[in-house]
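Letters A, B, C and D mark the chains as written, and numbering starts fresh at 1 in each.
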């Protein structure tokens, strides 16, 4: 059997498959043994209780979905008391995702949840649903650097910065995260999008706009993963539209050291354990001893024709 | 028969269906009578001859494509001498798309191609393929305002600003275009993306990254169309992933006064004439007298449940 | 560190690496029969393994509708269990052919398989003091209440069922309810006796005549509100099975929330997890 | 302003509003037969209307492969015309089952329809001075050269055909070429006589023995380069049919460019529009 393990900074994961924040919870333990995953990643929480967005909160598209769940949250107290202990029963490292509305609040909150059992904090600086229609820290390198730096000085727990596809400055934001002390990047969150019912004219989400996820997102987030892996030295975790083993392999080839699976779990709750098994089988079929052998191997075809200078 | 006509600023189009730049050329006249279209939009040209990007320049995805054609160009002289006269045979207004690497070059070039037969100039300030990996004028309101203002003072021909989905500042860029004197907006160009062959590890475009188009792009560009139509008073032309009549109607409902069809023409060269016919049939079936009756009619469902304040 | 490979439950026969309890299963179930019940509804009967037949009335499954030429549904579709039978190894759904998913599902033929996830959710609870329940079903709500009627029958409850539909042709399962010993009353829009006013009169009458002491309903917000009114006037409790758009179906995504009145204020609960069955009076 | 509705050519019977000439047509063609030729290649024969049968050798069609359960091709696939027959109303393609599109196409059955766009592109030109052409086909290049062989035969040219394949089982259409009166020579990798060196010797011999005065080729960059070498040494001209990834197939997108040597420098030409047939020596 191939070595499926992968390192993400100081953490070693037994395999590179983990859930994406907001698409995973304790309830999935009703379906399969959660310990077969490389890590556990919880839904983003805020410090205060919040209700999230109006319904309808989701709609399906062709090979994709929109969501405007927002960040409903039972608050930090509830989370520390109930959620974190649940995952203590498992070997897989626990990554918790947090959000806040100012850099200082982010830092304070990070400190508060830096409790035993938390292996890393994923900072959701990219959620497109809250506040002013998709603008978030991760839109600009400056605001990213500021918030990560403050969080960095508030906690010793590894920080994963979750980036947004809604910015034109992906590379700069990635580098700002690294500079400010992030331990890893997650590329990426959902892309701001919209759907209208052509018969009724009704906007299909209660929040008007929402985040695009699922297979249609993959070409965009795969590109971000490639860009970030080239631009920073810290590990990059790929996320966006993964549902098949080919998707996993493409992200690894693009330079991701691990991947997160989101929407696909809604379509088949067993997607993640299936991918772990298929990754093992694929490595074996290709005669590769480890996941490591795939990471960052994407390259241009040698057969690219050189064109004439003019058309 | 319903009134399919629509106004885009000073121009009246006999119907709202026109091609997207780069996915249309004289050759399509071999397939159908081009005069059934609302307008003709040519491939972006540059002033100088250029060869465009290395092959492979396209690849197919599930329900989408990537392209890194770039802007191969035979130059301004050839275009004015050969292309513009070809379209003089048709009644449909001719929209020409131009690109340049500085605001001043843009202005000079716009002046040069403001010749009889040109009904509007679409300024491609958003092509993600040229220069530094997708950064373009349309990424920032400042650079957008600068380039459009200079073009505005160089020509009296209507200016359509073609926006990019690769920016986090869509609304600000739209408003900057309006402020600077653009007559209409086109939302939008392709989204920067990437594909890797999971078997070989080969990057599937010779240019590494390319622009995503086709159905997978629609939720993103439909959202931009809605945002822009709300944010500016000038007309907005929707573009991105249109292949069915439902797509056309959704863009109109989102506030577009006309739409551009791109990739779908590659899949079926008769897509545009088919959509014109289906639009007429749909208006009839709904008892609507004109296209106008659909524009901007998207609204939230009355049935949106009000949720509790807390979760 | 050597990897411990995942076992995909249900799709392989390998044992679980750890013994934690799993109650929700994803299985490919073969279609035993698939028939039109009327012009809008189909009944699909699946050959289902024991693992998913530990069902209770009010629970549902999340069905992966196929991709066809004409329909490309992406999400799963939630469907109440219409009937389940461990002995025969059968599981059935009664569904209305409406949009992309159900239309795609309608194209499935006997012998094809359907990927199902379940059983999911909180079941109806027939409290000991609820001896003379009234079941009020509108449209497809009937599918949800059918197994409850069977349960009531087996618990020896005296049962009254009101079936409401748009027209008499769309009434279904009345024979089934009678078979469970229920007194069945049908009302339809076509006949003009399905409105809130006439139903309120009818039910007030039934409370007087048959001593109704609990309400169960599904399928109509309007009728739910009506039962809340009648219930609070008469001090009659009950439960409602709600419908809400879902993505994950198992509690992870918070798509399917609905607001409820609680002593300490309103809360949002997940229809797929805390429901689909809720206290009648709490639903807002 | 009243709209003038578009007429979708070919799919409706309405006349065109304006009389401009249209040479490329999109039609749904019914499949008359669809058979395996060997383990890798299939021959599909379509019932095609007259409109698309004004074909010339070397031209191609752009085929809309179906969406199936297993394969979801998005682009059309370019395929050379293998044969066309106005009298029988037939159009045929010989294709290799390779990736998603051709695999999906391979699932089509007699009676199904296939959406095709064509005929497209520049045909082979048999110049008057080209009396003794050599056709060199590798693999699927054979499909492209088959109608050319027929044309050569009908123009009374003395024809030599070399068919190259990986193994003898993968050789195809040799009988067809013989039927057109060609001298047919087969070479295969398996037999070790398909390399550039032995082919060069073979062709030099044919130039001497049979007076070859033109080359036509398709299917291999390596063999094209070889023919360019031999051709320039012997002053023999010719043509090559090229393959390049395509999107639109009709000249709009500039996906399919290829570089060519011209007197005034190198230029990029579109394989779908200026090609697929080009001057042998110009192709880079």
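Odds and ends about this structure:
We take it that a residue touches a chain if its C-beta (ideal position, glycine included) is under 8 Å from a C-beta of that chain, and two chains touch if they have at least 3 such contacts.
Predicted model, so just to flag it, every value in this text is computed and none were measured.
Looking at the partners of chain A and chain D together, the chains they share are B. Distance from the centre of chain D peaks at C, each centre being the average of the chain's Cα atoms.
Here the spacing of chain A and chain B, counted between their Cα centres, is 31 Å. Separating the centre of chain B from that of chain D, both taken as means of CA atoms, is a distance of 35 Å. Remark: chain B and chain C have CA centroids separated by 47 Å (rounded to whole angstrom). Shown for chain A are the residues that touch two or more other chains, namely 51-52, 55-56, 61-64, 72, 305-311. In chain D, the residues touching two or more other chains are 254, 257-258, 268.
The residues of chain B lying in touch with chain D in their complex are 1-5, 12, 14-15, 22-25, 27-33, 35-37, 43, 51-52, 55-65, 67, 69, 72, 214, 263, 265-270, 272-274, 276-277, 280.
Every residue of chain B that touches chain A in the complex is listed here, in rising order: 49-52, 54-56, 61-64, 66, 72-74, 133-135, 139-140, 164, 166-169, 191-196, 198, 200-203, 206, 208-209, 212, 215-216, 219-220, 222-223, 226-227, 246-247, 249-250, 253-254, 297-301, 304-311. On the chain D side of its complex with chain B, the touching residues are 1-11, 16-18, 20-26, 64, 72-76, 115, 117, 244-255, 257-258, 268, 273.
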